[in-house]
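Residue numbering begins at 1 within each chain, and the chains themselves are lettered A, B and C in the order written.
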Amino acid sequence: MKQLDVYSIARCEHSVIIVFLQLILISVFLVCTIYDVQADASETRNSLHYVYGGFKPESNSIYKFYNMFQDVHVMIFVGFGFLMTFMKRYGFSAVGFNFLVAALLVQWAILCNGFYHMDENYKIPISIVSLLKGDVAVATVLISMGAVLGRTSHMQLIFMGLLEIAFFSFNEYIAAKFFIVTDAGDSMFVHAFGAYFGLAVSFVLTRKQKLTDEERSMEASSYMSDMFAMIGTVFLWAFWPSFNSAELEGDAQHRAIINTYLSLTASCVVAYAFSSAFTPHHKFDMVHIQNSTLAGGVSIGTMANLMVQPFGALIIGSMAGVLSVIGYCFITPWVDNKLKVKDTCGVHNLHGMPALLAGAGGALFAFLASEDSYKMGLYQIFPAMASPDLKATDEYPLLEGGLGRTSAQQAGYQLAALGCTLGIAIVSGLFTGLFVSSPLTSGQSRNGAYKDDPCWLIHEHEHPTELPLKVSTVSEHVTDIHPPTIVTTPQI
Amino acid sequence: MKQLDVYSIARCEHSVIIVFLQLILISVFLVCTIYDVQADASETRNSLHYVYGGFKPESNSIYKFYNMFQDVHVMIFVGFGFLMTFMKRYGFSAVGFNFLVAALLVQWAILCNGFYHMDENYKIPISIVSLLKGDVAVATVLISMGAVLGRTSHMQLIFMGLLEIAFFSFNEYIAAKFFIVTDAGDSMFVHAFGAYFGLAVSFVLTRKQKLTDEERSMEASSYMSDMFAMIGTVFLWAFWPSFNSAELEGDAQHRAIINTYLSLTASCVVAYAFSSAFTPHHKFDMVHIQNSTLAGGVSIGTMANLMVQPFGALIIGSMAGVLSVIGYCFITPWVDNKLKVKDTCGVHNLHGMPALLAGAGGALFAFLASEDSYKMGLYQIFPAMASPDLKATDEYPLLEGGLGRTSAQQAGYQLAALGCTLGIAIVSGLFTGLFVSSPLTSGQSRNGAYKDDPCWLIHEHEHPTELPLKVSTVSEHVTDIHPPTIVTTPQI
Amino acid sequence: MKQLDVYSIARCEHSVIIVFLQLILISVFLVCTIYDVQADASETRNSLHYVYGGFKPESNSIYKFYNMFQDVHVMIFVGFGFLMTFMKRYGFSAVGFNFLVAALLVQWAILCNGFYHMDENYKIPISIVSLLKGDVAVATVLISMGAVLGRTSHMQLIFMGLLEIAFFSFNEYIAAKFFIVTDAGDSMFVHAFGAYFGLAVSFVLTRKQKLTDEERSMEASSYMSDMFAMIGTVFLWAFWPSFNSAELEGDAQHRAIINTYLSLTASCVVAYAFSSAFTPHHKFDMVHIQNSTLAGGVSIGTMANLMVQPFGALIIGSMAGVLSVIGYCFITPWVDNKLKVKDTCGVHNLHGMPALLAGAGGALFAFLASEDSYKMGLYQIFPAMASPDLKATDEYPLLEGGLGRTSAQQAGYQLAALGCTLGIAIVSGLFTGLFVSSPLTSGQSRNGAYKDDPCWLIHEHEHPTELPLKVSTVSEHVTDIHPPTIVTTPQI
C-alpha cells in the first residue's frame, strides 16, 4: 500500500509536469510559429487570381502532400500503436503510451525541425510539410520506445522522447548541411537512429532494473494480444510505400513506391520461410510475422528512389527478411544474455540491422549512379554530385550548381552519414538512458513491468465477471437450449 | 420462453419494417434523383474535348473530394463503430447497429439534404458531395446513438435517426438561409445538434426505463472491449483533420488541417494529464483516453478555417481536453443522478461541451475577423460580411455582394445559429424520445440492456468450448512439453 | 509425436520450397521486368521540362492511381485478412496465410499479367498500374482461399494460388482479346472466377478429407473472433467503391463510386433484415452481417460504370443482400450436405451468386446502352460497339474504330464472357484441386483442421496463465480495493 501511495503522489506530479510541458509548447508556438504562406489568409496571393500573381488553389501544397501525410499518420498512431500491443497484459500501455508520446512529441518535433528552418523574421512557417516531418520524427521515438517497452513509465518515455527529438533534429541538420546524402525513406535518420538510440537507453535501464520472474512471465503474448498486434503489422505494411515516398515527386516517387512495395512482399515471404525453419516443430512464430515481414520497408528506405530495378528491390527485401528472423532467433537472445541489453520489441531486428543494410545499399547505389542511368535527374537526387558551375537552363530549370562530387565520393559521404548517425544515436542514447533512469523519473518502471495494472484503471468488475459473465450468458442461452443445471456445475 | 416468443414475433415485424423502409427509399430515389452532370454519361460535356466546351476529366469533382470523403467514410463506419464497442458484451451491437443505422440513414440523409437543393426539374443531382454530406449527416445520428447506446433496440435507433436527419437538415437549411455562418467542421450543426438531441432522447428514455442491477453491471467494459474501442479512437483521431476540412479548398483547407491536427494533439496530451489527476491512485481511465483525446477535433471545428494561429489551436484543444475529462469525472455523474439523464458514451463530454466551446470560439474569431487578417478571403469565409454592392473583379473573380454585416454582427449571428441549433435539437429530441419510447418500438430495449444476447445469435458452442478449448489446445501442446496428466487436473 | 516429426520434416521442406519460389520470382523479374517510363530516371522526359517534350511531374500516373491503389491494398491485406479471422482458433492462420499468400502471389500476378503486355524488347514495364493489377488478381486467390479455409495448409494455398493466377490471367486475356466486354469492378473476372474456382478446389478436397467431430467443432466462431472479423468487413465495405472504380476516370469513375456506395448501403440494410428474419428467435447472425452486407459491392461491379441510375444501384444491392443471406441459410447447407462441397467462408454467397447477378445485369444494361444515354462515351465503355470506320476527331480525340456490335450483340458477348469465365474457373479449379490434394502437398491439412496450433507457435504460458493471470491481476487490484482473502476463493 505504502509504495502505491508514494507512487500515486509521484503520478500526480506527473500530471502537473505534462500540463506544464504543454503550456511551454503553447508559449513557444505563440512566439515562434506562423502559418506558411499557403495556409495564411492574410497572404494576398491566396485570394488573388493567378493571372495577377495569385496562387492557383489547386497548386496548394496540401493537395500534393495530404494523402501521403494521412498514410504516414495512420502508420504512427494505428500501426506503431497496435504493433506494440503483443504483450498479454500491456495492451492499454502499448497503444495508450504510443498515443500520448506521439501527440506530445509531434508538437516538439515541429518546433525542433523548424528551429533549423526559420524565416527572415525568426518565425517557423507551419505547413502540411511541417506536420509530415513531425510525424516522421516521432517515428524515431516510437522505434526507441519499442526497445524499452514495458520497463519504462510514460514519463520516462516522454523525457526520452523530448531529448531524442532534439538529438534527432540536430543529426538531420548535420547530415543535410555537411553530408548532403539521399535517404528517401529515412532508414538512416529515423530507423537506424531510433533503433540504436533505444538500445543505448535500454543498455542503461537494463543495468538499473532487476526484473522478477513474475514480471518476466508477463512479457509473453497471448492469443488475443497477438491478434491485435497484427492490426498494426498489416497497416504498417500496407502504407509503408507512402512513408518511403512521401517527400518525393514525379518518377522518383513512382519508383520509390514500386521499390518499397516489391521489397516488402519479398521480406514478408522470406520472413515466413525462415520463421518456420528456425522455430520448434517448424511452426510460424508470431514475433517474426509481426515484425520481420516489415523489414523490407526499412531495408529499401535509403535506396527507394534509386535505380535498384524491380528485381533489386526484391533481393534487398529478401535479405532484410532473413536478417530480421535470424536477429530474433539468434542475435537478440545473445544481446540479451551476453550484452545484457533487453530489446522488448526486437527493434534491432526490425529497424536496426535492416537500416544498416539500407545505409550500405544506399552507398553502393550511389557509387553506381551516373548520368547514364539518371540523366539530369541525378543532380536532383544527389545535388552534391552536380559540378559547381552547373546552371539552370530552359530545358532543365531545376538544375543548380553542387560540389562536383564523384559517385565514389558520394558513396563515401553516404557511409559517413550512417556512421555519424550511429555515433550520435548511441552517445545521446546512453546519456538519455542515464537521465531517464535517474530516481526522478524511474519511480513507476519498477512497479510491475509489462503490466497495465499499475498505470491503468482496470474496472474491478472485469475479473470477477469472467465468471458471472460466463454464467449469465450461458444461462440466458440455456433458456432456449440446455437445462439450466449446467450453469451450476462446479468446474466452470 | 414466452417473452422470447413475443419478442421474436416483434422482431419479425422489424425485418418487414426495414425492408419496407428500403423499398420506400428506392421509390423516392427513383422519382427524385438523377446523376450530377459530372457523373452523367448522357452529359455531352463529359465526352467532348474541353476546347470545344467539354469538361476536363481531371477537373471532375471526384478528384477534389474523393480522398477526403474516404477518410470521413472510415471515421463513420470504422471510427464510430469501434469507439462504441467498449462495453464487455455489447460489441456486436455497437459496431453492428452503427453499421445498419448508418447504411440506412445515409440514403435518407442524401434525400433530406437534396430536398433543399433540387434542380429546376425538381430532381436531386447525386454527386460525390452528396455522399460526403450523407456521411456527415449520419455522424449526427451516431453521436445521439452514443447517448442512448445499450438501452435502445436497432429499430428505436432507426426511427430516432429518421426523425433526427429530418430535423438536422431543416436546422442546416435555416442556418444557411438566415444565419449565414461559418462552421467548417460542423461542430454546431453536427456535434452540438447530435449531442443535445441524443441527451433529450435519453432524458425521455431514462424516465421510461428501470434498469436492473444485473443490467447496470453489464455497462462496464472489459480488457478486450476497451482494446477494440481504441481502434475506433485512433482512426477518428487520425482522420479528424479530413472531417473538418473536407468541404474547403486552398489555403482555408490547408489551415483547417493544421489547426485540427494541432488541436487534437493538445487535447490528447491534456486529457491524459487530467485523466491521471482525477482517477483513483492517479491511474489512466480508458474512458477518458478513448473519448476526451478527441475533444480537440470538435472544439476547433467551427474555427478550423479561421486565423486562430497555431498556438491558438493548441489552446483550444487543451481547453477541450480539460473540459471533457472534467465532464466525465464530475458532470456526467451529476447529470445521471440529479437530472436522471443517462449518457452511455458520455457524448456530452466528447461532443456536447466541446461543441459549445467551438461555437463560442467561432463567434469570438468572427468578431476579430477583418480584411486586414483575411484580405479578400474574408468574403468567402463570411459572405454575409461583404458589402451589398461588392462585385466580382478580374483580380477577385469569386467576390459577390453580401449583407454588409459588421464583424460584431457576424459574431452575433454565429451565437444565434448555435442557440437555434440547441433549441431545435432539444425540442425535436424530446419529441423523438417520446416517439421511440412508445410501446410500438420500445419492445426490445427492456429485454436485457447492454447485452448482445437478446439481439444477436451467440453460437452455443462458444461458452462451452471455453473449457474444451483450453483442454484441447493444452493437450496438443502438452504432447511436446508437459506430461498429459495436466490435462485432467480438475482446476482447469 | 511421431506424426509431428514427420510433419515437421515436411514443414522444413516447405521453407525451402518457399525460398526457392522467391528466388525463381527474383530471377524472372531480373530477366523480364523494367521500370515503366514514368518511374524510370533514365527516361530523359522525366527530367526534361515539358515545353521541350518532357513529362509534367503532375501528369505522372502515380498521382492518378496511388490513392485508389492504397484503398485496394488495405482491402487485400486488412480487409480480406481480418474478414477470415472469424473462427475461434484460426485467427493467426486466417490473417497470417492471407498475408503470406498475397505477398507471394502479387509478385507472380504482376508477371502473369505482364506476359500478355510486354513491350517490343519483351520486357514488362512495372508501374503503379502493375501493382494495382497485382493486388486485384490476388483478390481472386483470396476469394478461393475462403472456400477452403481451415482445411488447407499454407503450401496448398500457395500452390493453388500459383495455378489460379495463371488461369486467371489467361481468362482475362481471352476476355480482353475476344469478348471485349465491360467489367469495371471485375465481378466476373475476379469474384465469379475466384468463387467457382475455389468451390471446384473444395469439391475435390472435401472428397479426400474426412473431418473428425472435434475438427468440425472448431469451425465455429467465438465472440472475440467475430469482433476481429468485423474489422475486415467494415474496411472492405468502406473501400469497395475504390475497388470498383480504380481503373476508371472522369464521369465513369464518379458514377462507379456513386453506384457502388449506394448498392453497398442497400445490401447492408437488406442483409440485416433477412438475417433477422431467417435466424432462430429472429436474432442477427454475425455470418450474414460480416459477409452479406458486402454483396452489393460485388453485384454492382460489372455495372458500376453504367447508367443504372441511383435507384437502380439500390435495387441491385438489395437483390444481392437477399440472395446472399438466402445462400447462407439454405443453399450452403444444401451444397454441403448434398453436393458435399464445403465452403468455409460462404464465398458462394458473398462472391459467387452476387457475381452472377452482376454478370447478368451487365448484359442487361449493355443491351439498354445507346448513344442517347451515353453520347460518345458509349464507345469508351463499349469500344466494340463503335463502327469500324469511326475516327478520332478534334471534338472526340479518344474515339477509335470498333467492331460495330449492336447493343444486343454486346449483351451476348457479356454473357459469353461470364460463361467462359465460369467454365475456365471450374475446370481449372478441379484440376488444381487434384493437384493440391495430392500427397505431396496435403500433409498438413489433415493435421487438425480449423486450428492454428498445428501451424503456429502458441506460447505455452498462454493457456496456463489464463488462471494465474486472473489471480495475479485480481490480487494487484485487490490490494487497493477488496480484502486479499478474495484471491484465495476456490471458485476463481
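The rule we apply is simple: a contact is a pair of C-beta atoms (placed from the backbone, for glycine too) under 8 Å apart; a residue touches a chain by one contact, two chains touch by 3 or more.
Remember, predicted model here, so these are calculated numbers, not experimental data.
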When each step joins two chains that touch, the fewest steps from subunit A to subunit C total 1
Across the interface between the identical copies subunit A and subunit B, with over half of residue numbers shared counting as same and under half as different, the residues used are different
Taking each chain's mean CA coordinate, subunit A and subunit B are separated, in whole Å, by 30
Residues of subunit C that touch at least two other chains are 4, 67, 89, 224, 231, 280-281, 454, 458, 480
The residues of subunit A that touch subunit C in their complex are 1, 4, 67, 71, 88-89, 214, 217, 220-224, 226-227, 230-231, 233-235, 237-239, 242, 249-255, 257-258, 261-262, 264-266, 268-270, 272-274, 276-277, 279-286, 289, 293, 307, 309-311, 314-315, 318, 372-378, 380-381, 394-398, 448, 451, 453-454, 458, 460, 463-464, 466-467, 480, 490
In the complex, subunit C touches subunit A at residues 4, 7-8, 11-12, 14-16, 18-19, 21-22, 25-27, 29-30, 33-36, 38-44, 46-49, 51-52, 54-55, 57, 60-62, 66-67, 70, 73-74, 77-78, 81-82, 85, 89, 91-92, 95-96, 99-100, 103-104, 106-107, 126-128, 130-131, 154, 224, 228, 231, 280-281, 454-459, 461-462, 465, 469-470, 472-474, 476-477, 479-482, 491-492
